[in-house]
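Just below sit the structures, each encoded as structure tokens.
The two complexes that follow have chain A in common; it is paired with chain B in the first and with chain C in the second.
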Partner chain A sequence: MADTTVVKTQHTWLQRLGLDKKNTQKWIFLFVAIVPPFGGYLLFTLFPNILSLYYAFLDWDGFTEPKFVGFDNFVTAFNDKYVWRALGHNVIFMLVIPTFVVLISLLLGYLISNKNYRENKLLKVLFFFPNVLSTVVIALLWAFIYDGSYGLLNGIIELFGFDMKNFYWLGEERTAILAVIPPWVWGGVALYVIIFANAMLAIPKSLYEAAILEGADHMTRLFKITMPLIMPIVKVAVLFLVVGTLKSFENILILTNGGPYGSTDVIGLYMFNLAFGEEYRNYGYASAIGMILFVILVTAKVLTDKFLPKKDVEF
Partner chain B sequence: MKEKHTFMDVIWRVLLFLWTLTILFPLAWVFYESLKSNPEFFQDIWALPTELQWKNYTKAWNQYGFGQSLLNTLYYVGGSLVLGMFFTTLNSYALTRMEFKGRKVIWGLIMLSLFLPGVNALVPQYVVMRELELTNSLTGLILLSSLGESVFYLMLLGGFMSSLPKELEESATMDGATLFQRFWRVVVPLSTPGIVTVAVFKFLGFYNNFLGPFIYLSDPKKYPIAVQMYSANKQMEYTADWVTLFAGVTISMIPCIIIYILFQKLLMEGATMGAVKG
Partner chain C sequence: MNKTVKKLASVGLVTAMAVIAACGNGGNNANSGNNAANAPAASNAPAEVAVYENGLPKDEKVTLKVGFFVGGYGREWFDHAVENFTAKYPNVSFDITASADMKTILSTKISANDDKEMFDLFNTTPAGGIVSLAQAGKLEPMDDIWDMKLPDAPDKTVKDLTLPGMYESTTLINSKRYEFAASSSFGGLFFNKKLFDEHGWNQNPKTWDEFKQLLADIKADGIAPITFPGMHPNYVDWAFGAAKLFELADMNGQADQYIENYKTFTLPQYKSTEAVEHWNRLYELGQLGYFAEGLPALSHTQSQMQVIQKEAAMVSTGSHVENEMKEATPADFDWGFMIVPFRESTDQTLWVRSGTTNFNYIWANKPELNKKWAKEFIVELMTLDNQQYIAEKAGALPMRSDLTEDTARTVNLSSSAQAVLKYITENDARAYKASRSVSISDPNFAQATKLMDENTIKFVLGQQDPMPILEEAEKLLTKALEAQK
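Now for the complex of A and B:
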């Protein structure tokens, strides 16, 4: 008899803590499901983001004793002409790349979703393909295109009878900045052409049929039905592209590493090379530039969100 | 809604064809040049190979250490995929279908990642990894790649799981199934399409990951294929051995092409969803 009372009291004690068998299982499950991924997120994402604010105020090469220098890094960055040059390139990319990506994607997306060409299904599959290629492969493909001696671009131009005299598109300051744009646009279109085409296909056919009955021509249908209805998605695309062109640097790192003579340097790459490059390292200064970039990105996000048309249309 | 094809349609079709060419031609060109000899290539970049030089592929394989980097890739991609899928599946279920204290806080902190650009955290992340002695190690890279939260994956898989009817689980509970059994026997099998989608995206992400291995691995013997191709291109600047590099690039693209052939529909749907809901 004594035994059962002990078991009973234990049971209620456990129950009071919510630790009966069913609950124990729930807590074990939650522990395994939440702690490793969320812990990893805290450790590898959130914590470094907070740390980067602290690092921005240090003079530190990553190995010796860090020295607190207040706002020195920010002052240096403000007076650093390389920072301004890189930011200038970012502004060019930010204006040019989203514009081209969106316009080309809209046109091609419209053609493959609204025209009944036989090849459209196949084209959609082909257009999306560059998405599965790595940045390295895309950069190498374009490096082959731009090569001075054996590149495809010079080869094509020479077919038309011009002698390019081994012109290295990525090796000249004047052309390198222009030459990094097409690969970027090409990769971007691969994604957004499909997104726009799918959005256009999702518009109910009945809307078009009604419009045709009322005598609306092709252009009216395009600008009064299609465009307004996919505007919210175009807006998201512009937002992603603007933020992407401000922060990406992998493609440029592989294509030119910012060269020649810094003519293709962007702010993310400048920061990366300060921290991980082959020359001297300055984690503090790199972090300060990272913080500046952070502020620019958040501002760009808010501004893009604010200035793009806000008309959400329901159908 | 059939319309007659007009003159404009000719222009549109030419335009579509030209864009297709920008995608297909460089790939086809790299492939057929990879079967030429170097002198043949230097002489004429347009001509088709006269004799197929398959030995370029053997050479690329040996010269670029593809054997080793394939093993590295397999270990890194495989490890990250298995570990990452295990946690992403559990995590999505817990965060979308279970009630517990602190759930809202966790969601809020995860959504915060949408505002974090990530670039500014590269340096401190490296320092954290170095303090944990996880740098220059593929295992360290696996941990970095597979432990974490991603709004995109949570949305894909969690969205899928939360669309499953609650009654399924309830009736399983009535039949005496425990939480583990419900998860493993009911939720996982029904979520297979979502799980496969996430796995395909993860595979491509890991296989194509350049920056991570580039930052964290200092020993070239540990390079996975993506970084290996980058350094092969750097070497080529001195050796001028183009055809071998072409062969190497072709080899490195094969896994992506296979994945694309198998899963293109799923990839397109996933990418579209990411943009629409993001």
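Now for the complex of A and C:
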């Protein structure tokens, strides 16, 4: 009798907590599904970022006792001509690279998905190939292409009778900033051409058949059916590319190290050198620039959302 | 009878308790002075514990965590030294993390502020240098190493048999030495002797005018006289760096004062008479077109390849070049070496960028025994066997004077090492390692450094008059120093 009472009491208590067998399983599943990734996010993303915000108010080289300096780092950053110059280069890359990547990827994706070339599968692999290469490999490959003495680019131009006189494309201010764009675009197209092509292939054929029956030409089908239907994917691609061009600096580090004379310096590289430079090191100042970059990234995201077409079409 | 038994029993009990008490305390007080005085037998016990001739215990196992920077000299020589050391001292083992990116690893570990995780011993500076670390008490002073006996020459100290000038040029921070270099290394211009022989170029210009004549001769033969990796402009320092500032100061009779000002960032720095003269000379060479075309785009390897491929005559780099480029160097290539003479006559002193490499640093917050073994290992690196090995296999220059003076041994050194030693001896060059004893964290200093780095290439290509840039850099440095106060 007494045992029965205890069991009943326990049962009521578990039920009150919503922990009957079914609910317990649900909670275990939710725990396993949410806690590891969310914990990882908190630990490895959110926490370091919050810590960076704190560092931004310090004069700290990472070794010695940090000194609180209030907003000094931010004031210095706003008066630092190298910050503005680097951001200027980032803006150029942000405007040019996503535009080229998206346009070239759309064109190639459209050709792959709408033209029944025999080599379509091979083309897909070839187009995707740069995506499996690391940024370092891509940068080194293009550094060889641009080499003044043995570079492929000079070799090709000289085939047309021009004497390139050992012209170093990455060694001249006026050409270096242009020369770093193609490797970036080449690496970017590799991924998005496959994404766009697959998105296009997912559009039901019946839509095109109906359009053809109604006399729609290629351009009409492209702009009235294909583009509206894949626009959500294009928007995401633009967002990733814009954010990526603002943050990335690895290829610049390898191709030019920001030179010549700072003509290809970008904000990520400047920040990296301030935090981990050989001659100078200040986590505080680098973090302040990181915080400014964070604000710019959020602004870029908001602007991308604002100016890209909002109307999504479904089938 | 009963009383006697009781007395004996009492004495026995007291004795037994005393023995028990002595045994109980023995472990804790084995090293105390009182015990040693009162119980000679107990005090003799630790003396019987097996110790090596260096006084360190044989029975205590120690693992040294080492952060090893894999640079131009590779790591084979280090593994050889570790193998010898562990064979000699079997209770010591090594836990080695080797990486070409050791600077970043060090910076991360140091910033984590976890002494347990930190290396006992590492052989490169973390990003940002060691001044602030040493000032914060994070590094172990190494002054005592210089007075330690050499294992293979027990009647001599490390200082006794080190190359002249090496002890003096070790960086002092708060009057202490926190680094010890196991090899010497020299910076200057490295070239292919055979190419020089072929063209009849002067391989040992003694003065600035002779040097300029050499550059003119090389250019007239259609080869770029000098190259260096423009992507990393501070490589120009290997041949034209602070040693040349000291040489100019020495010509003005102010070397000591200048070096002191250099170390402590005493103004003027960028606008000092010597600095202005130094950059103007580089600008002059630039205007005459003596630096390689496309220099701003060159990486470290590309610039050295230019010399190997006879596109450029000389490269500004260090004596590690031969080992670094050994896979790409043709068999008929013979490395030569020269220092850029800023002097105007041969009675003035020629200064060379010294000169030490494979720096070793010991983390201060580590067990005393680990630090002692780390120092023993550093001293072991100075044995003739290890010095010979690194010189022959890796191309580093030895630190032992008795090795460099022994022609039977030097004949086996790499061609670049032999060229350097021969040049320095013949020209009686003064080796000096430039270093700062003050650390500046103000961002204005970062801007000053960046300004100079970016414009160095413009100076050497004759595209920018140095003066306005030096003035701007001086202003930024002044601001940084004021903020630092």
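Everything below uses one rule, namely that the second predicted complex is superposed on the first by the 271 of 315 C-alpha atoms of A that agree within 3 Å, B and C clash if a C-alpha of one lies under 4 Å from a C-alpha of the other, contacts with A are read in each partner's own complex, and residues count from 1 in each chain.
The working rule: a residue touches a chain if its C-beta (ideal position, glycine included) is under 8 Å from a C-beta of that chain, and two chains touch if they have at least 3 such contacts.
In this text, all values refer to a predicted model and were calculated from it rather than measured experimentally.
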Fit or clash - chain C, chain B, common chain A: clash
First (chain B), second (chain C), both or neither touched by A:Arg221: neither
Partner chain in contact with A:Tyr55 - chain B first, chain C second, else both or neither: first
Dominant contact partner of chain A by residue count, chain C or chain B: B
Chain B versus chain C as contact partner of A:Arg85, first or second or both or neither: neither
Chain B versus chain C as contact partner of A:Gly40, first or second or both or neither: first
Which superposed partner A:Tyr117 touches (first chain B, second chain C, both, neither): first
Partner chain in contact with A:Asn198 - chain B first, chain C second, else both or neither: first
First (chain B), second (chain C), both or neither touched by A:Asn166: second
Chain B versus chain C as contact partner of A:Glu65, first or second or both or neither: second
Common interface residues of chain A - those touching chain B in one complex and chain C in the other: 62, 143, 149, 276, 283
Interfacial residue positions of chain C with respect to chain A in the complex: 103-104, 107, 110-111, 126-129, 132-133, 135-136, 138, 230-234, 293-299, 302, 309, 311, 439-447, 449-450, 454-455, 457-458
List of chain B residues in touch with chain A within their complex: 1-3, 9, 12-13, 15-16, 19-20, 22-27, 29-30, 41-42, 45-46, 87-88, 90-91, 93-95, 98, 100, 106, 109-110, 112-113, 115-129, 143-144, 146-149, 178-180, 183, 204, 207-211, 215, 226-227, 229-230, 233, 242, 245-246, 249, 252-253, 256-257, 259-260, 264, 267-268, 271-272, 275-276, 278
Residues of chain A defined as touching chain C within the complex: 59-65, 73, 76-77, 80-82, 143, 146-149, 166-172, 176, 256-257, 259-262, 273-274, 276-283, 285
Residue numbers on chain A that touch chain B, as the complex places them: 22, 25-26, 29-30, 32-34, 36-49, 51-52, 55, 62, 104, 107-108, 111-112, 115-117, 119, 123-137, 140-145, 149-152, 155, 186, 189-192, 194-195, 198-199, 205, 208-209, 212, 233, 236-237, 240, 243, 247, 249-250, 254, 268, 271-272, 275-276, 283, 286-287, 290-291, 293-294, 297-298, 301
